[in-house]
């Protein structure tokens, strides 16, 4: 049997029964079974190195031993699994651990909201409370932003295909130029001019929402000065600053929050993906106490009380008790950056550039379709890696943060081999 | 120490660290720890009977033994937990089991979409695909409808407080009168007249979305004739019919889908809550093959691959292999109906009426604030039960479907005692 | 030369140079030259009786002698013609005459706004001030309503073809059923139920806007009890009542305002069309003093100071100094009603019914296309009459109010002859 | 009696009976009676020089003798005054004259639409047809744009106070930076980048609408290169270019259309104000034949057939039969420019700059409130002149185009005297 036929057989159930909307099972046509750390295995026993990390949901790798133990023990004890926003022991422990390990040491004062266990849900909750608190409707987002797929989040997302998917016009938002959108122009000047004027056609917004490093948008990392300027503008005009740290947060860029190096203090922070520790659905919204003006139940949802996720999330926070984890990430990040840059230099045919920061990096390949070919080849060779960017032009490195030097090197070797193969 | 002081101490963490939006931990001020079947225990060891079932997410009760075993075994084996929409063994098995146990025996032909693991996500996906397929923007929903809290779902939700929470106008939707909205008038006549006329101010909609029994809206059960008429109107005008079976589905009304007794065949069905079996976040959208016109990835999301949920969900479907489960539910439902009606009769001071069908019933209490007082008293006496309806005027019975006669009787006794106490 | 060829020659300029949007010059393919009272003449000298009255803009007939004299004299004196909302003598005189002749005798207290000289402009201004004063966004309009062609007015218009013309979704409005929309059902019950409930999906509106007799919508005359109920509902819920009297006002139904017989007191009244007396562009918006909360210039426009129109408008108001004019209209109206009813009875093949009140009447012909054929034939025979209604199914009588018995009889004879011809 | 008391007495009717929205009668508190050429007289016989020209509606001055004669003769002959879009002799003559005198000599091929007799109506019609033809919803407008006060036109207007007046959010539009919005940056780069990217949050628009010289926005004249670049971008992305020439057209900048010097060929052109010749309400929309895809009556309105306006409009076009008129305007414009610049230089305390082109110029005074004081003083001294700009900071010169050197000099002397007085 040829591979294609075998693949067909293997993927039959998905092809026949699942909706046409499925995507990852197309690019990676196999059935995954086990996973540990930075490695996965499919039903044929083939091993894969993970440079994808559940699109950022598996920063702590697959099946961390301690987390597994906590889950098993809890289930065995008939611990309450589903609890909406009722009080439960795991919820209590998570709240306390997050306060103690993350917020306090950073001098951050936020109320913690559980908005429903997905990224789009925390974004929707952030937009709602910002609009409520200010009494304004407009929200400013940025070119190449990605914030989610429900209508509220989609309205602050840039991608035109995804926007069209809404089937209705997406309003009450204004898209401003992200850092370096137009070469050599300070894009904050435009933003500020629009807000300064009283006749610019742009209403004073409730909030500005942004990712410090745009993941889906093509690994565009805003400069720290730019982030500071945005915060200044927000303060000057009394606009709430929302950082969507769903993908860039939870250590992805080296610090727990991606905005820490900029020294800014956002009014609202959105976290999801790796906040759940082991890949279980969870999200939180951090809101400065003065803006936590919700009435009880004003935003709700059935799955806000995923106690298994709370357990793993609490365990995951132990990584942040010392600086070791952060230092480790930066070390790996430097190695990744060096390798990415050397690849760019070595293969000028790629017309490529290295991008990103921390363990959120990418190689933008300015030859149509090439990035996708490279990732497809890498998969065959046992590396899970995907593209991002408006034209899927960026090979996106998103390894678990716990990856060791060996794993990282091995993955990068597969990648380089794939590039060579594709260019040949 | 008084109870209030003790409560204060116990709930301190939630009060101090969690956002003001929390609601259930206010009405039920305790910390829950364990749960099994139809019972819960808090950290003080106090036992509660569950007439709430995770707002419908725990139809199969808490911590079903077999499901627990499956989860533990899978975790122990390093089974892949988080997988977006990649192929995995649990996903495959769920697809096959759902096809075989649910769709085939009912002669239903649907593609299965995993839209993100919450109710609001399946609704958003349904609205999107209906708009895409028809090229139309308007969606018709009904008075007292509840479909979720993200902007798309909120726009088809009736509750004015929740709608205001959006902070922006909610458009592209038209609210039509639900069954029996105005006494003695056939509300489908209105709907039909609006669609027939070419000058009625209502555009031909992409879809009509409805719950067969409105849960949050006050346990309003549409009559089967009314549902049939709606389906006829949809066919006549080429409008897609979306049934939101998030709360009323998965056996809640006695059959797997709530619409089965009406003999209708919706174009799109939304399932969440109990589809995950043991209360883990999961949702699916069922779409007739001819309308499954998504492009790959057009709607996506990080937590579409919750493998623990798939395992429990697959196990839960075994309940539907024979008719026994359904018959059991109907038996309990009859008993519940009889008791509810006798309570209504016995306590005329309640100015009450019994409502609902299957194990989704309620007593509408037309004295301001009384329903809430009854539920608060019941909590003190060890019964978890909540209100619904636009004015929180309905005491809502939503026990796990696996509840036995004894549990049901005991719960209803507590309720009656609470009513007596409150009326005294 | 055949008539068609001659028509072609005559209409060449319009066909070649004017936009495809032109409509009346298609149905009435001639070039009009002169007009007096209820008669028009084309360039061939052919005479026409006018049952159209400039779509209601010529209630006082064509070229009233006194009005002509006033215009000529003013022009000869170099009177200022264009003046925005600067003070001018004709503006001053109009304001005083309107106050004295119309408002005072009816005990009505309104501020007079000049919103731009068209019907759609007065409607837009009414919607704006209602939204401003109440701080609410939604406006309720009715099935078959017509309020104008700019986006604000179009959003409260029912006609689906005209709505589609907007090219964008029309929002912030809710369409409720007009009087007798569904047979034998009191449509105010629906409206009231939607407003009473707190979970109906319909926000508390800023205003309800309606025409007492829907002209474009098919000559649907609301019953006086219905209008009273609407006013009651507005008062109960603190909603502003806007009467769009653009077509039904200025005496069209027998009284100056069409709502006088209902004894209601709207918060805002829109007037245009015949307010200008001789057919010159003019409009006013009447606003109760407590709601006249505009800031200066908040709504403006270049042509708010059409002094020729003010002159003719002031002269036209002399018709209302005594009751004679009103009585005359009612006399003609009775004759018209009797004739319309006898035609309906005499020609059952028309499947027709008589509708309307005052000199705003129609015969609804329930045979597809027939009403249009009748009007086309009438034109050939020297009668200017048009259709209205969602399917152009209503032959619409809108003669100048100054028409005498002879003119009315003659017109009706032509109409009957046309019906006979078409039916033959 | 003091002047204030006298003013009070004179303006009593307006203060008591007219809506608070009136504005010009506040700044110029008198009652105007007569006007001729570039001069007006009030009821006290006081003479005023007109640097306002009916906000651009009186380019040919007040009460042109020949136009007056035409009007009088037509009225005396019982010419039909009001005719919707029926064929009439004056409409025919206007169409032919416009074709022959304006379009043909400029090699322009447009269908002529009569959209209702106001500026906002032509803009609304332009937006509608552009959206219909392209099937797209978004329209791009510019910072500081002003296009009218009905909801469609307001949605492409920049002024935040006027926008708020809508009482609803204004959507389906994107505001881009006008020429020189940010110092030393080419704003077309931004626009183009937004359209080029597929993930910028800005949908491909139906049209771009702009004024070549922004009147209300503060006399901002776009450079010819900028206009050409905009046209290129429109062509590149298949976007319709709409020039709103309501104020800048009809010779205001020296050529009939304001865009002639740029050598561009817009797809749609909006004209109103001075198109009616003598200040009577009239507007036309010019549409390239390939985009004239209206169905008959899709946009309509009662006052599209203002025959008196057609007569004056036709007469006005005789000004354009030779180049003399245009040359005269340019001569006056040069003189005005020189004087404005010398004033700016002479009075540095004004912190002023001269702006504009043709006879559409201004002095931007960057001292708060000063421009308004200057205009108020000028009024007292017999000069009618108003401010514009987002903060009313621009003294705006808009004299009738027929003004002679003497009139212009005299007006400018009054202005300078007023400046001196105010600065003293």
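We just call them A, B, C and D in the order they show up, numbering each chain from 1.
Convention: a residue touches a chain if its C-beta (ideal position, glycine included) is under 8 Å from a C-beta of that chain, and two chains touch if they have at least 3 such contacts.
These figures come from a predicted structure and were not determined experimentally.
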* Tell me the angle, as a multiple of 5 degrees, of the rotation that maps chain B onto chain C over the C-alpha atoms. => 180
* To do: Please indicate which chain is farthest from chain A, where distance is taken between mean Cα coordinates of the chains.
  => C
* Asked: If contact pairs are compared by residue number, which of B-C, A-C or A-B agrees with A-D in over half of them?
  -> B-C
* Determine the centre-to-centre distance between chain B and chain C, using the mean Cα coordinates as centres, and give it in whole Å. => 50
* Structure fact -> Rounded to the nearest Å, the gap between Cα centres of chain C and chain D is 30
* To do: Round to the nearest whole Å and give the separation of the Cα centres of chain B and chain D.
  => 58
* Hey, what residues on chain B touch two or more of the other chains? -> 137, 161, 168-169, 171-172
* Residues of chain A touching chain C in the complex -> 168-169
* Structure fact -> Within the complex, chain C is touched by chain D residues 10-11, 13-14, 17-26, 28-36, 40, 43, 54-58, 62-63, 68, 71-72, 75-89, 91-92, 95-96, 98-99, 111-114, 116-121, 124, 127-128, 130-132, 137, 148-153, 155, 161-162, 165-168, 171-172, 206, 272-273, 278-281, 285, 287, 292-303, 306, 308
* Complex contacts: residues of chain B adjacent to chain C -> 137, 141-145, 156-161, 163, 169, 171-175, 177, 181-182, 185, 189-190, 193-194, 197-204, 217-218, 389-391
